[in-house]
C-alpha cells in the first residue's frame, strides 16, 4: 500500500487544523459595552501568542511528517491507525489553543491547567510521531536503512522533545506564561535547527528522515 | 473514469469533518459566572467521550474507504453519487456528536433521542458503505474478483456492523450512556480487528478490500 | 498548464463548503429556557431540508466539475479565474443556506428575500459553470471536439438549468417554501438524470463532458 | 524533494481560508429585536465588500503560488518554512476580514486600525511571497533561469504591490473606506492584468513564473 492517500488525508487535517486556529482571534464589538479595538487587541495578547506558537508547531510537525513519509517505501494498516493517533492530537490543538488563550490571564489553577493541557496535547503528538517513526523502522518501511549513528541521533532528538514537553507540563503549575514561552522557544529552536546551512558531506543530507521537530 | 479525484474530494470531506469535531470541545469563560476550568472540563465529559468515539469512527471509515477504492479499477457516475450519500452521513457526524454531547446528561427522552440520532447517522454511513461495496462488485469495478469465501466474510462483517448500530438505536431508549458506550466498543473492536497480526497465507492479505469497519 | 492543482484546490473548496453546511444544524440547549429536543428538531425543519438540498447541489456541481476538467487537455490563466468565480458562488452557499433556514418560517418579505438569495447563488454558480464550459470549447481546451448535436444538447441543458433557477427567484416572491421545493426537485432530477442506465451506443458515453447538473 | 506535498498542503490551507471567509456573512435573527432581513443585509455591506475583496486576493495569491511552484524543479526545507510564513498570513485573512467588516462603520480610530490591520496582513503575505520568489531564484530552484529583463519586471511588480499595500496602511488612518477600496482596486487590477490577451511572441508566455498578483 503506498502512502499517497494517507498523506493527502493527513495534509487535509493539518490544513484545516492550522486554519481553524485563527477563528479564535475574533474580537467582539463594536458597541457601547465594548472597549476600543486597540484595547481589545492588547487585552487579547495571549490569543495572538498562542496562535503563533500553535501555527509554528503544526507547521513543524507537518514538515516532519512530510519528511518521514517521503522515506517510507510502503505503509500498512497499523501505520494508518498510528497516523490517526497523531492526527487526533493535531485536531485537538485548536481546542487547547483556545483554552490557554482564554485562561492564561485568569491566573491560578485555571491558568496552570490550561497550560498543562496545551503542553499535554503537544506531548501526545510527540509520542505519536515517535511511534510512527519506530514502527516504520522496525517493520522495514524505510527505503534506506538508518545507520547506527542516525538511529542514535533520532533517539536523542525524540528524547529531548519529549523531556521538554514534560518539563513544560510541570512548569505550567509554577508559571503558566513561562510554560507557554517554553513552547514558543521549542518552535523557534526547531525552525532554525531545521533550516540551518549544513556542509554537503553531512549524513543528514542523505535523504533520510530527519524527524527533529516537536515530535 | 479513474478514482483519483473522488478520493481527493472524499479525503477533503473526511479531513474537515474529523477536524470540526474538536470545535465542540470549547469551554466558556473565564468570568464571574463560570465555574473553575477543572470543574467545567469534568462537567463536559460527554463531549470528550463523544469526540473520541466520533474521531475513531470517521478514522475507521476512512481506512475502509481507502482500502475499497484502492481495489477499484474504475468508477462510474452512479458510484460518484453513492459516494456522496456516504459523505452526507460523514458530514452529519459533527452535528450528531455535538447534540449527544449536549443532551446526554439531560437524561430522559432528550438524551435517548440524541443517542438514537447518533447511532442513526452511523447506521446511515454503514448502509451507504455497503451500497458502495455491492455496487462495486456487481458492476465489475473490482480489479480482482472476490472468492465466494471472501464474499461470505464481507456479508457477515456488514451484517454484524448493521445489527450493532440498529441495536444501538434501540438501546438508546433504554440507556443513552450505554448506547454511547456501545459505539465506543464497536470502534475499539474494529481498530484491533484491523490491525491484528495475521498469518502470511491469510486470504485477507491478497490485496482485496477488507471493508470491516463501521461500514 | 495541466489542471491537477486547479482540481485539488477546487476539491478542497467543495469539501470545506459541503462540510460547513452541517454547522448550521446545531440546536441549542438543554436548559430551562429550551423546549424538548424533539420539538427543537421539528421546529428546525427548514435547516434540515435546506441542508439536504445544498448538499445535493454542491455534490452535483462537483460531479460536473470533475467531468468537465477530465475532458480538458490544458487550462490557462483565464480559466483559473473563471473557476474562482464558480468557487465564489460555491463558498457563498453555506451563508445562503443558513439564511433561508433561519428566515423561511418568518414568512413575508424576509422569507421571500432569503429564498431569492438562495436561488440567486445557485444561478450565479450555474452561469459561472456555463462560462467555464464555453471558454473551454472556444479556446480549444477540450481533448475531443464536441459534435454539433452534443453542442446543442449542452446548450439545452444549460438553458433549462438557468431558466429554472431564474423561475425560482421569481417564485420566491410568491411562495418561499415553493421556491425551496423547486431547488430540491432540480437536484433530484439531475441525480436521476445523471445516473440512469443508458444504451451503450449513446453518444453521451463517449467520454465527452456531460455538464448537465445545476450548472 | 519535489513540491507535490507542499502544494497539496498549501492548497488545503488556501481552500479552508477562502471558504471560512463566508462564515462572517451570517446575519442574526429573525425575531422581535432584529430589523428586517433586507435592512440587515444593507447594514452589513462592509462584510460583503470585504468578503469579495479577500476572496479575490486569496484567489490571486493562489494563482501566483500555483504558477511559481510549477516552475520550481525542487524545494528544500528552508522553502517549506518560507511557504509556512506565507500561509501564516493567508490563515490570518479571515480574522482581518471579520475585524474590518465589524469596525469599518464604527469610524474613528477603530475603523482606521481595522483597515490598517487588513492591509498589514496583505503586506505580510506580499513580503512572504517575494521571499519565496527570491529564495527560489538565488538557490537555483527554477527549472529555467530568468532573463535579466524578466528579473527586472518581477522586481517592478513586487515593488508596486508592496508600495500599494504600504500606502493602504497609511491611507487607513485618513479614511478606512478609501483604504478598503484601494485593496479592491488592486485585486481588480491584478485579475485583469493577468488575464489580458498577449501577443504570442511575448516573453511572458515562455512558461516562466509571472508572480504579478498581490504578492
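To keep things simple, chains are lettered A, B, C and D as they appear, and every chain counts its residues starting from 1.
We take it that a residue touches a chain if its C-beta (ideal position, glycine included) is under 8 Å from a C-beta of that chain, and two chains touch if they have at least 3 such contacts.
Because the structure is a prediction, the values reported are computed rather than measured.
S.K.: From the C-alpha centres, identify the chain that is farthest from chain A.
M.R.: So the farthest one, by centre of C-alpha atoms, is C.
S.K.: Once the Cα atoms of chain C and chain D are superposed, what angle does the rotation have, between 0 and 180 degrees and to the nearest 5?
M.R.: The best-fit rotation has an angle of 90 degrees.
S.K.: Do the two copies chain A and chain D share over half of their interface residue numbers, or under half; same or different?
M.R.: The interface is built from different residue numbers on each side, given that under half of them are used by both copies.
S.K.: If you average the CA atoms of chain A and of chain B, how many Å lie between those two points?
M.R.: About 27 Å separates the centre of chain A from that of chain B.
S.K.: How many angstrom lie between the centres of chain B and chain D, each centre taken as the mean Cα position?
M.R.: Distance between chain centres, rounded to whole Å: 38 Å.
S.K.: Can you list the residues of chain D that touch 2 or more other chains?
M.R.: 8, 11-12, 15-16, 20
S.K.: Which bits of chain A are touching chain B when the two form their complex?
M.R.: 1, 5-6, 8-9, 11-13, 15-17, 20, 77-78, 80-81, 84, 87-88, 91-92, 94-95, 98-99, 102-103, 106, 109-110, 113-114
S.K.: Could you pull out which chain D residues touch chain C in their complex?
M.R.: 7-8, 11-12, 14-16, 18-23, 25-27, 29-30, 36-38, 41, 52, 55-56, 59, 62-63, 66, 70, 191, 194-195
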